[in-house]
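Chain IDs A, B and C follow the sequence of writing; residue 1 opens each chain.
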């Protein structure tokens, strides 16, 4: 597979609306800080990459965005996160917030419902009742998650009994079934084989038209293939944010970024 | 709701932040389950409140705690002077419970060790199921067994005139308490990590030595908890004791003496008292006494057993 | 710490003896009960007949059947279930899904343990003081059932809570991430997977309440009633109390009657418990994750 550098003429420019704004975000668990003073902006319809070594705070960042910190008593969040212009800490209906944000974590989870019900769950919660409509949504999301062919004849089988890779794609299908405005993927390729990863990457490129995407990844080349802009996280800090191509061609503000991208640590 | 690919960008709306029906339903459910959650506390407090309320008159007026606790004369219907001493009743409960523990502890411990350390597979399943079924036998059936089976058995075997006595109720109570004690003791033994056993075997210990010197000491909290639970059960048991102890109120001097237990006294006499009378209130006071004692026993047992779970 | 292996051979025999000793202790624990059950069956079976089960007692209860007592037990258990199951399931949902790890939750758990440990006669006293007198239900099925319900509540709570907690947290998180509310998550994913556990608890409760005597003695059950109860405010007869009555309160009782009653009662209880055990074993085979 040739990795062609992308000038990305169609990337949203600086005047594009801000989907997600983050100001001076700090997160700690108890007394252990995992993220300090992170500020960045994610523009609408862009694919925003986040790269960096393990334990750099990337997953905690995502959790803070969709307010999953509410379920962890040890997690303390300072700073401002603004989604669609609304401060997520001042939101009244946090479930509404989470419905608009789809997230895929590295741990594959197939719910103990049928495959069909797994993907139909979010639409049903959103009020879709007609079987015909649900059928359309389920098929579309499973196709996009590169899972349709493998399960189309057994949509009634239990989602929790699928293989790990299939469960991961099911998780992606579920996130897509929310028809989210913001889709956050946290190292989705870990549980998935390389060929399927490529198929999903193609899907993500198409989805840009409808969705804003945050892609947290360990595979720097994946960021290079997909992301319009990329942020480099290191030791809980956001070292820099820039056009992906710039980061990879060496036009960086911080030498550590170049080191990481070149594979010299992490 | 379907947003197919369009050229126009989605609007940044804050539409999602509305309090909808799902949000309200969730809040209502949260309240309902919370009410369910505190119900246990409400009921425990309620029990104490209501039995105290009914026994209050006795406590306020006639109650002399020294006489109550230390006089063996329980004569609420005496023509001359009514006395409300429960010492004989305490002795009744204590003797029956004591004998029951004497019977139950060695057997339930032995059975627990056998099931936990020696039995395996199908045998183990079978034994566990049997013990569970034994624990389910209602106390009135045990009382009946005491009357119909143990009674004649004791009279014949020991050549005594009456078979409704401490021995009868003690053995019955022991058989009643043993299955539960076995279950808990078995849990406690199973909770001892395998590595303790492996370490002992590696040092050349035999099965018995391993159990005696390693497993039992490690499980002693849970085993103690099992015993306490058995004692609590014995203390609070009503029907079996009522039917198997006979009806003499006295401090027993031998296992063949008939006695009366605290619980049985309430059961036997409450129906014949007038609501609100001193006798009635005195019975409720015995109830308060029972509540407090079993509360303490359960509290201690729980603290001791919880040490097992954490260890 | 351990004896030298020179004594190994002697230890082997002590080993075998030891194992045999323990085995016989276990046997001795079970054997008397088996014998007793056998006696019950042997002496009670002759009394069992269609007439025994479905007609009322006659002749001062020395003849006839036990139908009103059977019916009474069924009614008492049903009303008790109606009161305790919703409350118990709600409490378990609270403890498993909502309760934070603090002193208040520990207090609730302590209350549950104590509720289970309160002597049955104390429950009876409470029932009299609260339901018969204070709430003015009088001695009635309602008062007796509510007393039974409070006594059996811990059983339902514990069984339900265990089956809820057996559902892995990952499933809940997956639902929350999608924007499902706590209740939607419980309703669609957690609770359906806990139903069998709840059923086990319910069956256990039925078995316990059917056998209890003291709590119903002064709150609603009567020794003998000429008529069947017409409403929850009436008194009723009950199997457990009936056994007590026919074995202690009636002179010239032919021995086979109490044996028959005991046999029916214990069969009911053991049947229920076996059902619950069977259900649990069935559950273990049907893994969903």
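By our rule, a residue touches a chain if its C-beta (ideal position, glycine included) is under 8 Å from a C-beta of that chain, and two chains touch if they have at least 3 such contacts.
These figures come from a predicted structure and were not determined experimentally.
Undergrad: What are the two chains with the top count of C-beta contact pairs?
TA: That would be the chain pair B-C.
Undergrad: Identify the chain whose mean C-alpha position lies nearest to the mean of all protein C-alpha atoms shown.
TA: C
Undergrad: Would you kindly tell me how far, in whole Å, the mean C-alpha position of chain C lies from that of chain B?
TA: Roughly 14 Å, centre to centre.
Undergrad: Using mean CA coordinates as chain centres, what's the chain A-chain C distance in Å?
TA: Comparing mean C-alpha positions, chain C is 51 Å from chain A.
Undergrad: Where the CA atoms of chain A average out and where those of chain B average out, how many Å apart are those spots?
TA: From the centre of chain A to the centre of chain B is 54 Å.
Undergrad: Mark out which residues of chain C touch at least two other chains, giving numbers and ranges.
TA: 181, 184
Undergrad: Where in chain B do residues touch two or more of the other chains?
TA: In chain B, 22-23, 26 touch at least two other chains.
Undergrad: For chain A, which residues are shared contacts with two or more other chains?
TA: Those would be 95-97, 99-100, 125.
Undergrad: Give the list of chain B residues in touch with chain C in this complex.
TA: Going by the criterion above, the answer is residues 22-23, 25-26, 29-30, 32-41, 43-44, 46-47, 50-51, 53-54, 106-108, 110-111, 113-115, 118, 127, 129-134, 136-141, 143-145, 147-149, 175, 178-179, 182, 200, 203-209, 213, 229, 232, 235-239, 243, 263, 266-267, 270-271, 275, 283-284, 287, 290-291, 294-295, 297-299, 302.
Undergrad: List the residues on chain C that touch chain B in their complex, please.
TA: Within the complex, chain C contacts chain B at residues 1-3, 5, 11-12, 14-15, 18-19, 21-23, 25-26, 28-30, 32-33, 36, 39-40, 86-95, 97-99, 107-108, 110-115, 117-126, 128-130, 133-134, 150, 153-154, 157, 181-184, 186, 207-208, 210-214, 217-218, 240-241, 243-244, 247-248, 255, 258-259, 262, 265-266, 269-270, 273-274, 277.
Undergrad: Across the complex, what residues on chain A touch chain C?
TA: 66, 68, 71, 73, 95-103, 105, 107, 109, 111-113, 121-122, 125, 158, 160-161, 171, 174-175, 178
Undergrad: Which stretch or stretches of chain B touch chain A in the complex?
TA: Touching chain A: residues 1-7, 9-10, 12-14, 16-20, 22-23, 26 of chain B.
Undergrad: Quick check on the complex: what are the chain C residues that touch chain A?
TA: Residue positions touching the partner: 100, 170-171, 173-181, 184, 188-189, 193, 288-289.
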